[in-house]
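The structure under discussion is supplied below as structure tokens; questions concerning it will follow.
Chain nomenclature is as follows: A, B, C and D, assigned in order of appearance, with residue numbering initiated at 1 for each chain independently.
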Amino acid sequence: MANKAFGVINSAPNYIRVEGLHDYRPIGAFTFIGRFRVIDFPLSNMSNSGINRIHVYLNSRPRSLVEHIGSGRHYNINSKRGSLQLLFTQQNGANSIYNTDITAYMENLEQLERMPQDYVIVAPSYMVFKQDFQKLLDDHVEAGNDITLLYHKVDQAKEYYRACNVVELNKQKGVQSLTRNMGTAKDKNISMDTYVMSKDLFVALIKKAKRESSAYSFADIIALSCDTLDIRGYQHKGYFAAITSLDDFYRANMELLDYGTAMDFFKQDWPFYTHTTDACPTHYYPGAKVVNSLVCNAATIEGTVENSIIGRHVHIGKGAIIKNSIILSYSDISDGTYIENAVIDKWVKVKNVKKIVSESVTPAYIKRNDVL
Amino acid sequence: MAQTNMLAMILAGGRGSRLHELTSKVAKPAVSYGGKYRIIDFPLSNCANSGIDIVGVLTQYESVLLNSYVAAGGRWGLDTKDSGVFVLTPRERADSGLDVYRGTADAISQNIDFVDAYDPEYILILSGDHIYKMNYDKMLRYHKEQGADATIAVRGVPIREASRFGIMNTDGNGRIIEFEEKPAKPKSNLASMGIYIFTWKTLRKLLVEDMKNPDSDHDFGKDIIPIMLNDGKKLCAYEFSGYWKDVGTIDSLWEANMDLLDSDNELDLDDTSWKIYTEDTGITPQYIASTAKIDGAYINQGAAVGGTVQRSVIFTNCKIAPGAKVIDSVLMPGAIVEEGAVVTRALVAENVRIGKNAKVGEKKSEEILLVAKNVKGED
Amino acid sequence: MAQTNMLAMILAGGRGSRLHELTSKVAKPAVSYGGKYRIIDFPLSNCANSGIDIVGVLTQYESVLLNSYVAAGGRWGLDTKDSGVFVLTPRERADSGLDVYRGTADAISQNIDFVDAYDPEYILILSGDHIYKMNYDKMLRYHKEQGADATIAVRGVPIREASRFGIMNTDGNGRIIEFEEKPAKPKSNLASMGIYIFTWKTLRKLLVEDMKNPDSDHDFGKDIIPIMLNDGKKLCAYEFSGYWKDVGTIDSLWEANMDLLDSDNELDLDDTSWKIYTEDTGITPQYIASTAKIDGAYINQGAAVGGTVQRSVIFTNCKIAPGAKVIDSVLMPGAIVEEGAVVTRALVAENVRIGKNAKVGEKKSEEILLVAKNVKGED
Amino acid sequence: MANKAFGVINSAPNYIRVEGLHDYRPIGAFTFIGRFRVIDFPLSNMSNSGINRIHVYLNSRPRSLVEHIGSGRHYNINSKRGSLQLLFTQQNGANSIYNTDITAYMENLEQLERMPQDYVIVAPSYMVFKQDFQKLLDDHVEAGNDITLLYHKVDQAKEYYRACNVVELNKQKGVQSLTRNMGTAKDKNISMDTYVMSKDLFVALIKKAKRESSAYSFADIIALSCDTLDIRGYQHKGYFAAITSLDDFYRANMELLDYGTAMDFFKQDWPFYTHTTDACPTHYYPGAKVVNSLVCNAATIEGTVENSIIGRHVHIGKGAIIKNSIILSYSDISDGTYIENAVIDKWVKVKNVKKIVSESVTPAYIKRNDVL
């Protein structure tokens, strides 16, 4: 069944920077609750919504995402009828002001213009949420908007979502402005950087943005078009995370330790797909103590784990205590170590250091491949 | 991948009646094992890891689940351009009616055309219901080095138990000089594992003759091997010494699961150089609640534990409610143990629900209890 | 891909005896067509393009080739996480022996458990031996809009030929009020195409009853549809007007191939918005030698032409030597025409060799000659 | 079966530039005889040799290669046991002197060092030939060389192979020097940029090259090691093409119009795999005249084609004449056009221009998407 829309998944804007983790991979490739990658969420949302032609934009360090996404079979994208196309940009200075989504679209304009679908759904690869895009599209078409923009009402806009845009809406949900979140108030409508519009308008806006400024992003041209176009907000409800800083990443993971939140988010009728690795089950040794945690496969647990997320192939030694932490795959925490409020990247070996604790809200971060 | 020129055929026909209700809707090779696997994952993964491209799976009993499980060869990476897993059931032909497989050898005979289509030099015959890791490529190299017509994998068993097995008596160089089925006085402790490599041309000829023989049981052990020995063909024994388990009964299936709780267990499913591939779903990690107590367990992703788990194997999507206890047991995929229920020395089948406060199994029972139906709870 | 909630079952059991030797080793749906396709590519590609994820292929006759062809669902992109093509053959079950499919309806009845496993709302029944392009999703939307219990695809046939078909008589709104099998005096020209959408719950009930009915032929056309009409169920006709061909005979198979030489041919295999997927090998482009003369042809990659080709369809890997002539003919994959040989109004089967200077077929013959065996040459 | 070697397929060095075609894709993505891509040849050679762990290095414009290679299933690489890994470099100035294979290896050193195999086979993505690498490896191990280098004896080194390296060998096939082909003589041994060595030596040489100069290529460090290492040449026989200029590309294609050469190269026991597209057969209209040509599927031919290569979905109009030319996919040559000695890139529409002829050895080149 040919869907009327194709999907575009874009990368994070150049001003978003997640301390530590970001040095090794784009946000879309970040591990989420130990098992998924952030990009699995927009991809699964699209696949579940019947969208089977998807463009994924990659910029710096594409290897991990290319491997993870592969042929798209695990996202249920028919490889003959559909396609999951990876698009690259030459402009690789990740922090360069020229490294915008508009630059990426312009470099692949031929691919974009060749898509046969009438509509496009644009979603970001650095946010985690659940959304039926088919419903969004139907609504968009019925309402006759020029653009429909997805937003989420939050009450922690002072502490979090600092790299996101804020939407101001009129009574009819018309978007009146789109501006960077300056943390001026708790309650804000955060733009989810997710848009529905006609392909023609999408292409026209890209070209317009390019003409006006080489540093414009797509959000910039949307912001500038609030007066001239009928842009309407569509409120998203349920779990929502914007992975735009280490704090946001940490909090987004920890929120899902709440069983109710997790069960509401992970439902059978809306599966999130991911690349699987045939890891064996996890072995809990006699004497291990694990509570309120999410544990991935192929871990070996001999010590204590509390309020934490344990990745694949992680080893927690005898007498080790892990609290309020995220341990990514293949890390090895040796006997008797105490870790609290930390994010331990992949392939870390904690051997000689016996204590890693952060006292502040911001968790401690241990670099990939480090031996401590 | 380079063609090793050996095609594998897995005999997966077994109804496995000693596994009782576990096989009432599922062929034995599709029975669950080890938190996330099915038994047939072992020969299939061994094939994939040994570089075998084409695998036939012979079945005639309740093939739907097995069929849909196996046909997606991608689980074992066997879905490249020239590789595949093919389910072969009895079929109607221009020259004969529809017929069941009459024996292990007949199952191959009826699919000679399938084998011929790939024109292999060697054929590997496997059983679909053993749990082990084995490099068939090494066995093939041995077969070639020996210049054998057939090579049979054997393993040493305690000599006092040898009379329960098919025993291979060999000369000093690995050549089989005699085969005795359950000998009263075993001369050796080398038991056949039911794993054979044949030079296809040789076997093909024998199968064609066997099909016409009205006195034959069409069985490898009973008919083909003895004939080959009589004919003076060169049969060699290939010794295997790793973990190996035939999971033909509820007790042995339970035991094989329990073996995984041993930190030194020989099967070593965590060895990434010889992975066992299986259906791997994109489900959440295992959720261990604040009320959980885990004391020795092997748990798969997607499970949610709120209660107590002691020395147990917990499969995908199992749920153990707060206050429930699971002791010395195996919970197959989707099994649910409600509040206050206690499961002891039991094997709980797929999607079975143990109701509130129900007690199943006994600490001192000799046999493992199979729970194949929902158990009603008490309020 | 979003689940459309409709599962497809392709009846591919046909022995196709009017296709003679072409089906002696291959089930009819696996017969070659159109330079590179097999007939079953059409319903399978239609399914893939219509967004159907699960396809069962029902077969009992010579299933090895069909099985290994179809089981690799990747050819149609049907090998994603939740999609697949499954070959369903008769099988032994706990409650009954091994049985053949007794009719089109019985083939579905015997696989109720397979269908139930996917819990679809609708089921699409297709035939494996028709050549056409059709969007089943559109048909499903029609089925839903009409609130029908069953929807049957029909096409208009010349009224004078209508008595050769199963004819659907409808009221003004597309509802079928009567079904007549080969009526002497047809009341309408809407012939059934043997393509049905049923609401699964309704069909399931009828199939369970049908299985028990000793007087039933277990056939959709003869038994199920008449019962539904009698019961006052809502059956609707869905009109289809594109290219459609039943290739049951050598002549019609030849004709269907020849249709492709027409530059306006309705089937339009070149339409990239509705591709027909098939086994596509990484073979060389077609090689046309300096000695070749081509005057109207439909040629697939991997063919090598050194001789003369007039109004013919040439499949993969065919070789036509310098000085050979192929006129008004179809050469199936791997067919070879040696120097000086002349092939006229013939259908040359797979891998058949027409020897030097041999002449096969006649310009004025009424019927098309099927050449299923090598033809010896003359020096 | 675990092979003792893994494979590395590298990109063309920064000084190689194929006029025209190269503006749109890397050489590995060039169409070859209308149907293959150049990279299919090294990949198939590796797959046929039983190598199932392969690293493919991509630099600029990776999209077409990423799509073409995909999951590697069509190359018969088992997706569970084996893997076809795509590796990227950040250094994207394709012509920059820093854009060397050494830079690419250094950026992915972690992936390289993690490979469990003892040996590595390095092959280029810009050459077309057939080679059993298993045989090469066996020979290498048996002879006890430090490095085995594949070379081809040519007799047109003056006109062609100008961007290749030349090998000088002693009587024992020991490599005495590796220098750029200056076109000083007809007969030369051309280095095929294909090496076998131990993984450890490979890594050591990469690190050494990096230390010595940021602009060194792997060939440079090999050249410098001739005195200290036992590097031996292994002669390749059969069809060989180095796609290092438009002339070389054109000639390499044309050579395969010779039936004998083609049949010797394309043999059933050594298939070359490619990504297939389900294109329908080709339709030859009455009145078409085609001789001595290779024609791909889904073409529509109404005119005359001589000594040419016709790509997929190409249309040759009535009365059009194509001679000694290569027409890439989706191009449309309208009625009555005369084309001789030309390379027409993809999606070209020749509508108004009635004659495209090059009188010199170098063929005329028509740009992708052009309308003439």
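Going forward, a residue touches a chain if its C-beta (ideal position, glycine included) is under 8 Å from a C-beta of that chain, and two chains touch if they have at least 3 such contacts.
Bear in mind that the values here come from a model prediction, so they are computed numbers and not experimental data.
*Asks:* C-D versus A-C: which interface comes out with more C-beta contact pairs?
*Replies:* C-D
*Asks:* Farthest chain from subunit A, going by mean C-alpha coordinates, please.
*Replies:* Comparing chain centres, C lies farthest from subunit A.
*Asks:* Express in whole angstrom the distance between the two chain centres, defined as the mean CA positions of subunit C and subunit D.
*Replies:* 41
*Asks:* How many angstrom lie between the centres of subunit B and subunit D, each centre taken as the mean Cα position?
*Replies:* That gives a centre separation of 45 Å.
*Asks:* Give the residues of subunit C touching no fewer than two other chains, as numbers and ranges.
*Replies:* As it turns out, subunit C has residues touching two or more other chains at 74, 79, 81, 275, 277, 282.
*Asks:* Would you pick out the residues of subunit D that each touch at least 2 other chains?
*Replies:* Residues 73-74, 80, 273, 278.
*Asks:* Write out the stretch or stretches of subunit C touching subunit A in their complex.
*Replies:* 1-2, 4, 48-51, 53, 74-83, 137, 273, 275, 277
*Asks:* Quick check: in the complex, which residue numbers of subunit C touch subunit D?
*Replies:* 34-36, 74, 260-261, 263, 269-270, 275-278, 280-292, 294-301, 304, 309, 313-314
*Asks:* Could you list, by residue number, the parts of subunit D that touch subunit C in their complex?
*Replies:* Residue list for subunit D touching subunit C: 33-36, 40, 73-74, 259, 262, 266, 271-274, 276-278, 280-298, 300, 305, 309-310, 313.
*Asks:* Okay, in this complex, where on subunit D does subunit B touch?
*Replies:* Those in contact with subunit B are residues 1-2, 47-50, 52, 72-82, 116, 134, 273.
*Asks:* Could you pull out which subunit B residues touch subunit C in their complex?
*Replies:* Residues of subunit B touching subunit C: 15, 24-25, 59-65, 67-68, 71-74, 79, 81, 84-94, 98, 100, 111, 113-114, 117, 282.
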